[in-house]
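Two complexes are shown next, each including chain A; its partner changes from chain B in the first to chain C in the second.
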Partner chain A sequence: MAFNRPDSNRRDHFTDAVFPSPFHARQNAHNQMRVWSRWSDYLSVPAYWCAEMEYFAGRNTCGVFDLTPMVKHRISGPDALPYMQRLMTRDVSKIKPGRVGYSVWCDDNGQVIDDGTIFHLEEGVYRICSQEHQIDWFLTNRLGFDVTVTEETHDVASLALQGPTSCAVLKDMGLGGIEQLTPFGMAWFDFEGTRLMVSRNGYTGDLGYELWIDPEHAEALWDRLFDAGEVRGIRAMGSDALDMLRIEAGFILAGQDFLPAMEAVRAGHTRSPFELGLAWLVHFDKGVFNGRAALLEEKEKGSRYRLVKLDIDGNKPARDSFVFTKDEKYAGTVTSAMWSPSAKASIALASLEMPHGEPGEELLVEIYYRRELKWNRVMAPARVVKDVFWDPPRRRQTPPADF
Partner chain B sequence: MSRKYDAIVIGAGHNGLTNAAYLAKAGLKVLMVEKNEWIGGATVSLPMYKDWKYSNCSYVCSLLRPEVYRSLNLAKYGLQVVPYGGSVTISQTGDIIGNYVDPDVTRREVARHSPRDADAEVRYGRDIMRQCRFIRKFLLRTAPDPTSFKPRDLFEMLHLYKETMKLGEDVIYDTMRFYTMSISDFLDEYFESPLLKAAHAGSGIIGSALGVMSPGTAYVLLHHAMGDVDGNAGAWGFARGGMGAIAGAMHDCFTDHGGETVAGSPVHRIVVKNGRVTGVALENGDEYLADVVVSNMTFPRTFLECMDEKDLDAAFLKKVRNFKIRGSSGKLNIALDGLPDFPALRGNPELMHADMHLIDSIERLERAYDDWKNGIWSQDPYIDMLIPSLTDPTMTPPGKHFMSVFVQYVPPKVNGQDWTDEQVQAFGQTVINQIDEYAPGFKDLILHAEIRTPRELEDEVGLTEGNIFQGELTMDQLLFNRPIPGYHQYRGPVRGLWMCGSSTHPGGGVMSAPGANAAREILADLRKPNTVPEGWLDD
Partner chain C sequence: MISDNSVIVVGGGHNGLVCAAYLAKAGRKVTVLEAGEQVGGLAATREFAPGFRASCAHLLYLLDAEISRELGLQSHGLEMASDGLRTIALAEDGQNLVIGSDNLDGAGLGDEDRAAWREYRRFMSKFAAVIGGLHNQVPPRIRQERGDLVALGKLALKIRMLGRDDMREFLRIAGINIYDVLQENFENPLLKGALSLDAVLGANSGPRSNNSVFTALHRMSGTGGHGTGAVALPIGGLGSVAEALAAAARQAGAEIRTGAAVERILTDGDRVGGVRLAGGEELAAATVVSNADPKTTILDLLGARHVEAGFAQRIVNFRARGNAAKLHLALDGLPEFRGVSAEQAGDRMVIAPTMEYVERAFNHSKYGEYSAQPVAEIIIPTVRDPGLAPAGKHVLSAVVQYAPRNLKQGWPEGKTAFTEVVMGLLARYAPAIREQTLAAELLTPEDIEREFRSAGGHWHHGELSLDQFLMLRPVPKAAQYRMPVEGLFLCGAGTHPGGGVMGSAGRNAARAVLAN
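This part shows the complex of A and B:
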């Protein structure tokens, strides 16, 4: 079956409301539940068979997640680095060719537009992956710089391979030397007549890789992965499982844990990097960048909010909950919450009003939960914790173990 | 080295470890003494063959109290419990009945055997869940003393009464019957398919010296259904790295809180002076002192093997001797060169990850029990087996497998005589032959097999007669009857002596509840702040 690909030049773009990813045929074969969701232009799978089993693949063996719908931009040209320095809050010069770095970018008010991953593909060529479409902002930022900005979302197929056996699977697949790849490194391999790029990073807080290839070779890549992974517990993983994995790892999601600044109608509904716990991504010493002045001011005067991790008593997920102080005064709201099968705790990310959220602070979380159609409410004691809920040493080990 | 401790825990089974960890967490100076060179008791993974890992005794986890898991921070100490999802029963004719992760798939699978039964599963599930919800409230809680007028016991009796009343009239009647019925009779009230009944009945006899038609086995089923994995009631999982990972995490927690362990020499005597405990003497001659001594050993082993009978009352000793702790189980741990081929499961790979049972009918289960009564191992045994290596990549080299094979029934003695090595081998062969009938060529895949009868379980783990639960789980030995009336609150008959093993309430399985409850009682007696969770969170 031949599928159309999303293409902004096509006049009949509206005839396909949503497009199959280059991995669609393989996803379809694995998708026992036959349920599809959509992710931007593409069909995506919430759960192939059982979200929990897929979650455990990510923590116990390895899971494969189709990343293709991620928005991807390529930045190149003589001024690529200075351009990136203006765009990003972090010092991009520290991301050497062949390295990957996480970053956020802000508007002039120091409010986060989006977060994403920067791939320094080769000297002066970057790929930025993000959740939201950014072409307008990225082109605006070109002013004064000699750079080319193109969107390449649909030209690159990508898979995340995440979990403790992921390195072993890639080794078995014939990617020689992959075990030497350090966290946030990139490597290139010949793959059936094309180039396969592999980066060691992910959205699960565990050992994991992302694989990047041209869409024509997408199915071959999937097949080779699953052939190699069969004896190492490989499984297709849907977005429900990925969401669980990222919450445990303390990773934020645009539109969930913060509102992209370009979308915010109401005052006070955006967040600065400081307010998202991302101070480590703001480098004032690198010179000018969007939002610098505002962020400097915030640093002096203090922030309005703090994104924190909560360890909540009991076992009821605190989805959409209000957070209160011990004497039941409003302190903030939960942004993401779940029962963590790996931490064996009810965990949450929450946005609190300052001065709340110092590690160790004791709070109350108001949880509504339903049992046999009856709604119940608990005020569950909770603590602000400093560490992420899941952070195994194998995430950083090079070479990683086989499991 | 100082030899005086605040408390000594005898036995590093998972309950001893739980107990010791809570005592250490409360600030006590705790010594753990274990007879084996290794820790874990029946929750253990020993290196046996090349780089294979085994779960030598217990093999799946569900009962472990989530409150203990969390409060001892076992996740931080590296414990991961991974659900495997589902089960399947394979009959001699090659028919199967699968229990899948997806409820609708399962319903259609049952409907293949009986459309009525597919519906009846809903009612059955509801009734089991009612009983689970009832019993779970009493697991992490000391059982009340119905004869005592102490305010605390009156309160606990009232709690028991209130919870019972909450069930509603019909369910109270059902509950009374449930605790005394046979699993066979119980299942007859719901189902008609022989294979489905057999599939459910297995959990009614695991570890029990009773048959599917014996009264009391309905409760044994409940004992296997009352746990959960991440809130999925009745689900079971593997401890990643084998069951020894549970003991390992607990031990790390214990050590982190300053606990010390001496392993490799059994306790020879629990030393009593002037009617109170003063410490322990090991077989190697070392002695350690403490005013609190906690035994993780079985009830009979504690009093009949490690104490001077003269220190104990005659009536008490008689009750200890009469404690029902009959061994009935065996186990094979097998290293496989590849994945066995079960023709009945071809095209159904998901079920290879599941808990596999080889059985057809209630009658066949009962005949397996007849052999046990006759003093021999079942010639046509009930087999409960899993291939953890399909789920857990840490167990074997890739493509190779570990198979855990649990067997009912295996008597503590063969025709009244001690097991001989030849008989142990013959028992193993019976089991291997049985599996080979369902998976032709299975025998040729075997690289190594560890064969365990009650003899091995008693010699290695110290499980009296090889009973896996440290005592039969029947009404006369449950709640305030466990191990015996009057001694159900973890206190022994001598001052300073405590019990924390599965012989105490709420019984066997990798649950940690006895160890935790005992720690709570000890800390209360010592007037220390409580570090032990109580009750049940989910309601």
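This part shows the complex of A and C:
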């Protein structure tokens, strides 16, 4: 399938159904399962051959994940910073040029519209990556600011390279000095006549990088990575594996762990940053931002929900489970769950009604599972835990150890 | 250091002046900053040709009696030239109808129409009083808080107190269109035409637009003590109301500066800090109350970046596109309208021969065109108030519709042609009008927007409709006069209970400031 680059700012591009990613030919070659899914505007691979094995590559060697479908926006112009400050809940002035930061953005009711990563590409130029299409909201936010807001999803090809050998692979590929890149830093390299941007961040809670290049050089980048990574266990990784990695790392997913505010019809179905455990992303001292008044009020009056991490007895994944108190009163629901191979535990993210969810609280999780076609139900004891299930020191080390 | 006591009122329209007067009476240190050379805004009496004066808003029917009394407007010089103008529904052949407050005269009127008229007056006045009863209160919020619930309960009670049949009728017609209601009640086309005009004056709608019963009721909702819907003419034009208000405000200690255009409302962190004038002068104040319309206040003076994006968007979406133009003629003598006696020439005359005519006039504006056959509300104020023109000369003041703010061809181009259309219209009823005209001024909504600094040039600073009324005016979450920036308030026609020279918005805003 030939790669036809869609126009990011053609607002009707969705009428063209779904696009092959600029890495499609390479993905296709790796995709033994021949299964494709849709992620945003693109074809994506759930699992190339075995989700668990791809997961283990992410934890023990390194995995390559096609990030191109992630929706990307560019904010530039004299008012880029004030615009970002009003849009985001966090203090964006703390994200210096060449740095990356995670953030959420809210509506006027203080409910999370989406979360994403902010790349301060150069003074006054930002890229915002998000799970959902945000261009309408970002354009709405322009009023009163001298900024240019565009979507650039289709203009940038990108790969996540995640896992303990990722730094070594990049070094072997010829990215001199990459080991000096600190977490949430960005660096640029010449790559076959174009510029390759590398940022040290990811969605797996481990050592990892994201690579950003123009779509014309996508296949060359993939090939160079896999050439360099062969001896370090590099593997193509699908979205199923990535989902396991991110749950272990305690990262939330829009549409899974919270309902994006713009998609909600019913009151009470959305979540504020506080209710997602993201109080550290809310900075009241930076002036007005979307949701500020509502969040101040929430801070004073208390939240409705709390997103927690659960450590559940047994080994049955608690997908879609109800959570109860010890005396079997409703307390909330599980939003993401898995058997964690690294933590050797059944783990989950759950949204509980306040006042539940203090670390250490003992709860029950109602799990349905099937054994040899027979359905069983268990009320598994569970505990609210404070720390994420996967947080190795190498994630923060600079330079990372050479695996 | 700003004293917490200081208040700046941006704009010296009548609402700004009312607000200033009440705040000064309560001990606040008030400064009114009016961009124009005189106070009064849309109600100021201005000279439009040498020796000839008129006010843009030209009839007084909504001024709140309590405000008038509390601020002692009479003692500050407000006097009526007349307080019971009748309406003359003009017919091209001079077979006019005369509509008084409880009687109806004219050729071709059946007894049924006369009886229907009394009944129509009865229930419309009663319903208008329900709406009028809401004017002097800060709108309740839709929240589970006691004060708000009590206020909502009172509204429900007021409707219930209409009695079973009237309550049912009120609920049936409040949201529908005047065309259907008049059609149900009357036969005479000219009567229906004239009554339908009351429902659409200043509105971006025709008789068949829904919501037009509501605008008719709003127009009749005055608590002025002259009787519901009674129309008065102050000596010196409506500017006299503003002058009396300014005198009351000054007496209470307010300072009023004219020729002082505010360029920016300044913020100091989270809250308002004062204003900057066009010349660069900065004035500090802990409270800023804006008499400018909501769009001008939030988007231009404050700046959209100082409010949350959803709020800014709601302000953008606030419907505020004027559709009424204003004609002022300096006349050599008293014009003769067919069938209008010299004594009737001092009344209110309307050109709205049938409801279909009015609706057709409106149609054009939907497509960005002015009416080929406009409707008009005409007065010759100099019949009862000769001081507005040199001796022996006269002023004709007319609201002319429809003239959409966004004219397809653009107003600079359209204005001459539209003036011609309007003069042609008048000439069909007063054949000598062109010869008598010494000077003419036509204010299009674009002119009104520029001259009176009101975005959209709208009569009410923004469409007056059920979706932009009470707790929804100007937009949800800002209907209590308080803006999201601490210390910033609105007090003009864009807030509850809307426009017209009434004063209630100004007083309610003062209450909100004092309650803060």
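Going forward, the second predicted complex is superposed on the first by the 390 of 403 C-alpha atoms of A that agree within 3 Å, B and C clash if a C-alpha of one lies under 4 Å from a C-alpha of the other, contacts with A are read in each partner's own complex, and residues count from 1 in each chain.
Following the convention adopted for this analysis, a contact is a pair of C-beta atoms (placed from the backbone, for glycine too) under 8 Å apart; a residue touches a chain by one contact, two chains touch by 3 or more.
On a predicted model such as this, the values are computed, not experimentally measured, just so you know.
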Chain B and chain C placed together on chain A: clash or fit? fit
Fill in: Touching partner for A:215 - first (chain B), second (chain C), both, neither
neither
The chain contacting more residues of chain A, comparing chain B with chain C, is B
Task = Have a look at where A:141 lands relative to chain B and chain C in the superposition and call it first, second, both or neither.
result = second
*asked:* Looking at A:315 after the superposition, I want to know if it touches chain B, chain C, both of them or none. Which is it: first, second, both, neither?
replied: first
In the superposed arrangement the C-alpha centres of chain B and chain C open, at the centre of chain A, an angle in degrees to the nearest 10 of 160
In the superposed arrangement, does A:98 touch chain B (first), chain C (second), both or neither?
neither
**Asked** Now for A:183: first (chain B), second (chain C), both, or neither, which partner does it touch?
**Response** neither
Output check: A:60 vs chain B and chain C. Expected answer is one of first, second, both, neither. What do you get? first
Answer with first, second, both or neither: which of chain B and chain C does A:292 touch in the superposed model? second
Taking every C-alpha pair between chain B and chain C in the superposed model, the minimum, in Å, is 45
Both partners, chain B and chain C, contact chain A at residues none
In their shared complex, chain A is touched by residues of chain B numbered 66, 69-70, 74-75, 80-83, 85, 101-102, 229-232, 240, 350, 390-394, 398-399, 537-539
Within the complex, chain C is touched by chain A residues 79, 82-83, 86-87, 107-108, 137, 140-141, 143-145, 287-293
In the complex, chain A touches chain B at residues 33, 49-50, 52-53, 56, 59-61, 164-165, 168, 172, 231-233, 314-315, 339, 341-345, 371, 402-403
Residue set of chain C touching chain A in the complex reads 269-270, 299, 303-313, 316, 477, 484-485
